[in-house]
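Each of the two complexes below includes chain A, the first together with chain B, the second together with chain C.
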Partner chain A sequence: MAAPLTLLFLLAVTVRAALFNSSLKELISDRVEVVSPLTAWKRVIEGLALLDLGVSPYSGDVFHETPLVIYLFHFVVDYAEVTFMLADLITAGCLYMAVKDYNKQVFRKQKFALEADRYPLDCLELIRSPKEMHYIPLKVAMFYLLNPFTILSCVARSTCCLNNAVIALFILSTIKGNLLLSAVFLSLATYQCLYPLVLVAPALLYLLQHQYIPVNFRRPNFWWLVAQYLFMFGGSLLVVVCLSFFLLGSWDFLSSVYGFILSVPDLTPNIGLFWYFFAEMFEHFRLFFLCVFQINVFFYTIPLSLKLKDHPVFLIFMQLSIISIFKSYPTVGDSALYLSFLPVWTHLHRFLRNIFLVSCLLLASSLLFPVLWHLWIYAGSANSNFYYAITLVFNVAQILLVSDYFYAFLRREHHLTYGLYLKRKDGSEAAMVLK
Partner chain B sequence: HTAGCFITDNVGQFFSSGHTNNWAVLVCTSRFWFNYRHVANTLSVYRSVKRLGIPDSHIVLMLADDMACNHRNPKPATVFSHKNMELNVYGDDVEVDYRGYEVTVENFLRVLTGRLPPSTPRSKRLLSDDRSNILIYLTGHGGNGFLKFQDSEEISNVELADAFEQMWQKRRYNELLFIIDTCQGASMYERFYSPNLMALASSQVGEDSLSHQPDVGIGVHLMDRYTFYLLEFLEDIHPASKTCMNDLFKVCPKSQCVSTPGHRTDLFLRDPGSVLVTDFFGSVRKVEITMDSINLTSVVSHRKEEPAANGELQKEVYSYSDQLPVSEIIHQKPKQRDWHPPDGFILGLWTLILLVFFQTYGIKHLKHIF
Partner chain C sequence: MGRWSHSQLSMDEGHVTHGGTVTLSNALCSHSQTEMATTEVERRRGQLAALSIAAVVIIVGVPLWWRTTETYRAWLPVSQIKEFATLQLLLSVDVEVVFSRGTVSPEQQKKVPMTQTQDEEHRVDENTALKYRYEIRYRTATIMEEDALKQPTASDADLSLHALSENPCGSLVVYVIPESSSLLSEDVDVYIGQKRTAILRLGAQMRVGRTLEQLLAHLEPRIKKILHMMSFSHTDITAALSDRVRLAPGNRENIVDSMRAFKSSPGYEITFSLLNPDPKSHRLHWDIESAVETYVQPLLTKLAPIANFSIDSQTLYYAMLGVNPRFDISRSSYTLNAESLAHVINPVEARLGSNAASSNPVLNFLLYVPDALHSPLHILDRKKQAVHSNAFHSPRWGGIMVYNVNDVYGPEAVLPVDININMAKVMGVFLAQLRLLLGVQSSSPPPGFVVASCSSTGLADWELDRLMWSRSVENVATATTTITSLAQLLDQIGNIVINDNIAEQVSSAVTSLQLAVAELEAGNLGFALQYSKEAILASERAFFDPSLLHLLYFPDDQKFAIYIPLFLPMCVPILLSLIKIASDARQKRREKQAKKD
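Right after this comes the complex of A and B.
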């Protein structure tokens, strides 16, 4: 599989290089759907310029990147394009290897289950074969690299690409079962962008599963692993934060980065849900709704972990999608990461119910974003409601997509346990209804 | 030399009134299209006052509605004062200071008394002093003791009298001429009690002021009778006129106006016969005549060019663009990175990276990854 992968990498690099050398680079860098106040390249340059002038880059409301990003770009700012292309390739490579390993594990588990006769006889068509799973890793890498969202993010030099790279490295190290690397990369991802904190739960579940430790609160094994992981995660997070302190010698990056993410002071329109609400909020209620919105991101961890405790990789997918829909400053690059996982669940195709609707909504809203932005800002014949309507459509499409996959996944599991053609006690045909 | 004799003979008259500047506050208080004539009234007086010399900076013009650009105006950008559209009083250089809903009783009183918020621009202020002669002209719909502003509020004669008293106590006028063209207009000056006020009204208490004539083309009455004849009277005045106030009192007798115009001069210290119309309607500048001739000395001394010392004074020859800061930008050398991360940070970071690397990629773990 090395050859098609190399070809894919070359193609991706060509497309990005072509766009980098065209005039679209500046245009795309300014689009609000692709960059957010957290990830914009303009702000990185501004922060580095401020640093060269001897002023803390966090003074004023311009720069919201973490100090490690300052350190990285201090050296590579002249080669920024190469860095971002490399980040994309790393992400794709990690996803490729992760999915390959995951597929091997899925197939192995399925083999054991078949041998143990745990599947009812009529659901053999749901069983997956290595042949159909052979090209899935390549498809995942392709979905990531050739996704227009990713290409736009890369050309805009949005640091979202770096975030995605770190999360992909985390996924790879988790699937390989390496506790330390998984904790380190997760702490780096959390340090970059706070929300990957929710990925602790699926990582723990996966690592427990990997080491054959059942999730039983009375067993000391369980607590030992959890403690180890959390210690490594917390410790590396602390170390990284302290190291950032030593870079600039001050703690103001905490309020500029995490305070900014949590308190959402900048209400530039983006593809998320926060800006419109908070533009109209009375000051009196702002804290309340801020808490509500932020809890909304973290809240789905517990119920989803309970439901999907046997399927931690699907849980990672769900959490990534929830983060990218409900985070405070989403961009299309965040969506691209979870969209690239879709080929892994192609076997759920027969249970998906909203394919046409979701694809139409996603396509239409992606195309209408720049149109309505132009109408609002430049032509003046629309207003923010129009743009927010399209944002809502886009997010509804994403939510429908994710919930559809969730439904299909659970349904397949149900069928694998109870058989494909459901029968009532007396043998007549029954249908499954989602309540 | 006859001109000089004429001037020296009349020099006493020049300085008899005691004012040095003129102001005018012209207010139309009615809105809606059918009150076209009130705007035309005010604009006629505005036109006369400007023609006779008062500049826009000394005129506070308050129009409660816009007739020239009203949708119902068949001749947009014009306001006519006479049928057959002989005289367009709107002109090309009207400066309205308070327009539309800004014409309120509060704003009018604030203009008069000078108690405006600090952010008010100069054009909206009555910056008169104790040597100012002020002309105040009000028109609109009125009644016995009140004048209606904008169809929603009124100013009473008591308020107006008190406002003038405030002006007197704050030394905001030298002499004040108050003209009002409304129904029962004389009631508005009944309550005045401050000195140096002269008042004219178009009708007595109990009488209505009538409008002059409608224009079939525009469809509304174009002017009120009193102001129409006032305008006719003022058209004959020029800045050097010697017409006095007694002639102004005779404008629009009952035969022409149907109502009886009234006036009040008991508070005025000078005899109305000696008061020139141009004392209020014009802005006649006082001229100081002198027989001396003055030599102008040049204040600016010439800088002599020093001959360059041989060879020592080197003039750098700049091309034009080099003298501008842009040359620094164009010839900029690549920017030196002034900031470097502290060494402790680099040390700490790479130590950690190496630690993690060796922890995971100890030799025996390598085969798990690749």
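Right after this comes the complex of A and C.
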């Protein structure tokens, strides 16, 4: 498997290097779909310039990245392009290894279940074979590296690539069962953009499962692991935040990064749902809807964790997609991360209901973004409503995609318990009803 | 291997029996137990998930919604504001009556009452009552005052009397001199000084055989008259209440008088504009800066307690009047008659511009130099007579003066001609207009009264007092109406957010109003005006605060439009699942009961 992976890496690097050296680079790095006020490379450069001048990079309202990122680029700013390519390769490599490991476990679990005679007899066609699972890790890496969204964010030098790399490292260390590294990378990801906080739940569920500890509130070893993980997570988060404080010598960054993420003062159009809504919002209701929108991101954690208690990796996928849909400053790079997980769920394809519609919608809206932007901003013949309509379509498509996968996953699990061909008690064919 | 074939077999069976009679294989039977268990687990999970969503919505969402969307209404002193609905103003004036030698006999001197208080009540309308209190103190003149009164002329006496004492703002001193005194000429009874003094000569019938009562009775109406002249008259005060009270259509003259002056405001902008429609023929020079310094500034300095003034000046070229003057052959000049003056201002006003940074009223003073072709230009009054000053004023707007320059240069002069404008002449007119527009009364004194000519400031102290009386009352009236109507509005529309700063302004307005009313009662005119100004500022700031408008046009039915699109789709599944959980629980209980039975 090493050879195709190397080839893939070479191809990805070539494409990126070519784009880096083309005139498209500047064009791409100005696109609102690709960079957000949080991740824009221009703003990082501005922050670096301020830092070099001895001014706090957070003075003014331009720079909103975390202090660690700016200190990272303080050293590697001359190799920024290499850094971003490297980040992408790390993400792809981590995902590759993580999925490979995960597939092994899935297969092992399936074997146990088969041996324990736990599947209904008519479910054989749902059983996954090692042959079809063989290429999934490579496909995941390919989906990430060759996804136009990833390429665009890499070429735009959006720091979203770094966040993705950190999250990929977190996923890898979680799947490997490494408690400490998982907590550290999760705290780094949380430190970077706050929302990955919700990944604590799937990580805990996975690690519990990995150590064969049942989720039982009366068991001390359950609480012991949870406490351990939360302590490591909180501790490393504290260390990172304090480190930032000591680097900068002020707490400016807290309000400038997290306050900026939570209170959404920048209403520059992007592919998210916030900007239009809050531009139109009556001032009186702003705070309320701000809370509603932000709670919305964290809202699904508990019900999803309850429902997907036994499938933490799928839960990670769900949470990642929810974050990238509902976060305050989303970019296409965020979507790229969870989209790269789609090959892992190829076995769900027979249960997907509107995958054709969704892919058409995603494709069309991705193409229409620049068109309507041009019509609105440059030609002046359209207005913000047009652009927002497309962001709505894009997000609805993403939501449809995710809920489709969620439903398909639940349905497959259901079939694995009850048999593929459901019958009522009188023997007539039964239809599935989602409750 | 055996297992695989077995399951394969049963799958085939499943296919065969598809849609037919149910033949459960052994294998499937063995599953039924675990199946039941997993069903139960899945069901519980689904219920828990729905419950957790409902819990988050109820525990976090509802309080959040309540807390963040409540209309914040700070506490307002409503009961105190309601008291202002009925306004009872008491204006008290201190009057000192000084008897000079020869007006009272030594026996009478001892009997003269020290003070006497006279009250006069007027009911303006059902909610507003006015009460005037004159506190008259009697005393005899000191030796120095006697000396001062021995001066040859009244104005000299007036000056030397000022040197003796300083009277506080709002008070008056009346010197009573004997009928035989030569200070005032034959037909003059009262001389009103530049400050707050008046000299009153006793009437001829008071010379002999009078008692003290007769004397005081004789003096009283005359002192009242002086008071009406020098501090306030009932007409002034009712005119000042016009914001609060709908005036009965009285005589026309009064209304015109009361409408001429600008409304009371904490500040005014004064703009002097020189209009030069013909810069090709006239190159005009006006030394506006020193003219303002010499003529206007002393008056404004004196008026400083009333309001702040800011002055600017400009020169406008090619600015024409809106009316074409008519050539009058009999006068060999162009004329503007009184009817057409109304059309002069609007076209010019568009070009004047105004200070955008302030919302204070602007007083415009325009000096118009007619172009060479239309010179000379004269303004005619309604009787078709040329107006001497060649100027007119527009109520609450400003004044326009036409300044003819055609006689300065001959026909052979080289154009453009340099012309220096005589600022003394111009400013004389503008000052008179300014006094009128600011409400400094210059109504003609009643017969027998002589008013001292103005000093260099252009404003006598008592004139300032008069203005301060009416302005205080006007401010109080305006502030009370503003604050009561604001309270009424806020009471009627529950949607308006009342921020702390508004409540603060309202409270300070109420406090200042109470203080102003109290100071008026105590007769401290200066403080009363100060507080009334603060009251009006605070009340206007509260009334016009933009934060009051946010939700004003935001009725309840629009809230549904805000909430429904977002929350209805969210609520339906939650509610449905909750109903399902409830019905499940009920069914379970019923089953249990059935089992028990």
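In the analysis below, the second predicted complex is superposed on the first by the 434 of 435 C-alpha atoms of A that agree within 3 Å, B and C clash if a C-alpha of one lies under 4 Å from a C-alpha of the other, contacts with A are read in each partner's own complex, and residues count from 1 in each chain.
Just so it is clear, a residue touches a chain if its C-beta (ideal position, glycine included) is under 8 Å from a C-beta of that chain, and two chains touch if they have at least 3 such contacts.
Computed from a predicted structure; not experimentally measured.
Undergrad: Could you check whether chain B and chain C clash or fit when both are placed on chain A?
TA: Verdict on chain A: clash between chain B and chain C.
Undergrad: Could you look at A:Arg108 and tell me whether it touches chain B, chain C, both or neither (first, second, both, neither)?
TA: The answer is neither, since A:Arg108 touches no partner chain.
Undergrad: Answer with first, second, both or neither: which of chain B and chain C does A:His134 touch in the superposed model?
TA: Neither partner.
Undergrad: Go through the superposed model and pick first if A:Glu283 touches only chain B, second if only chain C, both, or neither.
TA: A:Glu283 sits against chain C, while chain B stays out of touch.
Undergrad: I'd like to know which partner A:Pro303 touches here: chain B for first, chain C for second, both or neither.
TA: The second partner, chain C, only.
Undergrad: Name the contact category of A:Gly54: first (chain B only), second (chain C only), both, or neither.
TA: First partner only.
Undergrad: Could you name the one stretch of chain C listed in 5-13, 167-175 or 311-319 that collides with chain B in the superposition?
TA: After superposing on chain A, the stretch of chain C hitting chain B is 311-319.
Undergrad: Do chain B and chain C land on any of the same chain A residues, and which?
TA: Shared contact residues on chain A (touching chain B in one complex, chain C in the other): none at all.
Undergrad: Which part of chain C faces chain A closely enough to touch in the complex?
TA: 3, 6-8, 10-11, 14, 18-22, 25, 27-28, 30-31, 34-35, 38-39, 42, 45-46, 48-50, 52-53, 56, 60-61, 64-65, 68-69, 71, 497, 550-551, 554, 562, 566, 577, 580
Undergrad: Can you list the chain B residues touching chain A in their complex?
TA: 335, 337-342, 344-345, 348-349, 352, 356, 359-360, 368-369
Undergrad: Note which residues of chain A are touching chain B in the complex, please.
TA: That would be residues 51-54, 71, 74, 176, 178, 180-181, 184, 239, 243, 246-247, 249 of chain A.
Undergrad: Considering the complex alone, what residue numbers of chain A touch chain C?
TA: Touch residues, chain A against chain C: 114, 117-118, 120-122, 124, 282-285, 287-289, 291-292, 295, 299, 302-304, 306-307, 309, 414, 417-419, 421, 423, 426-429, 435.
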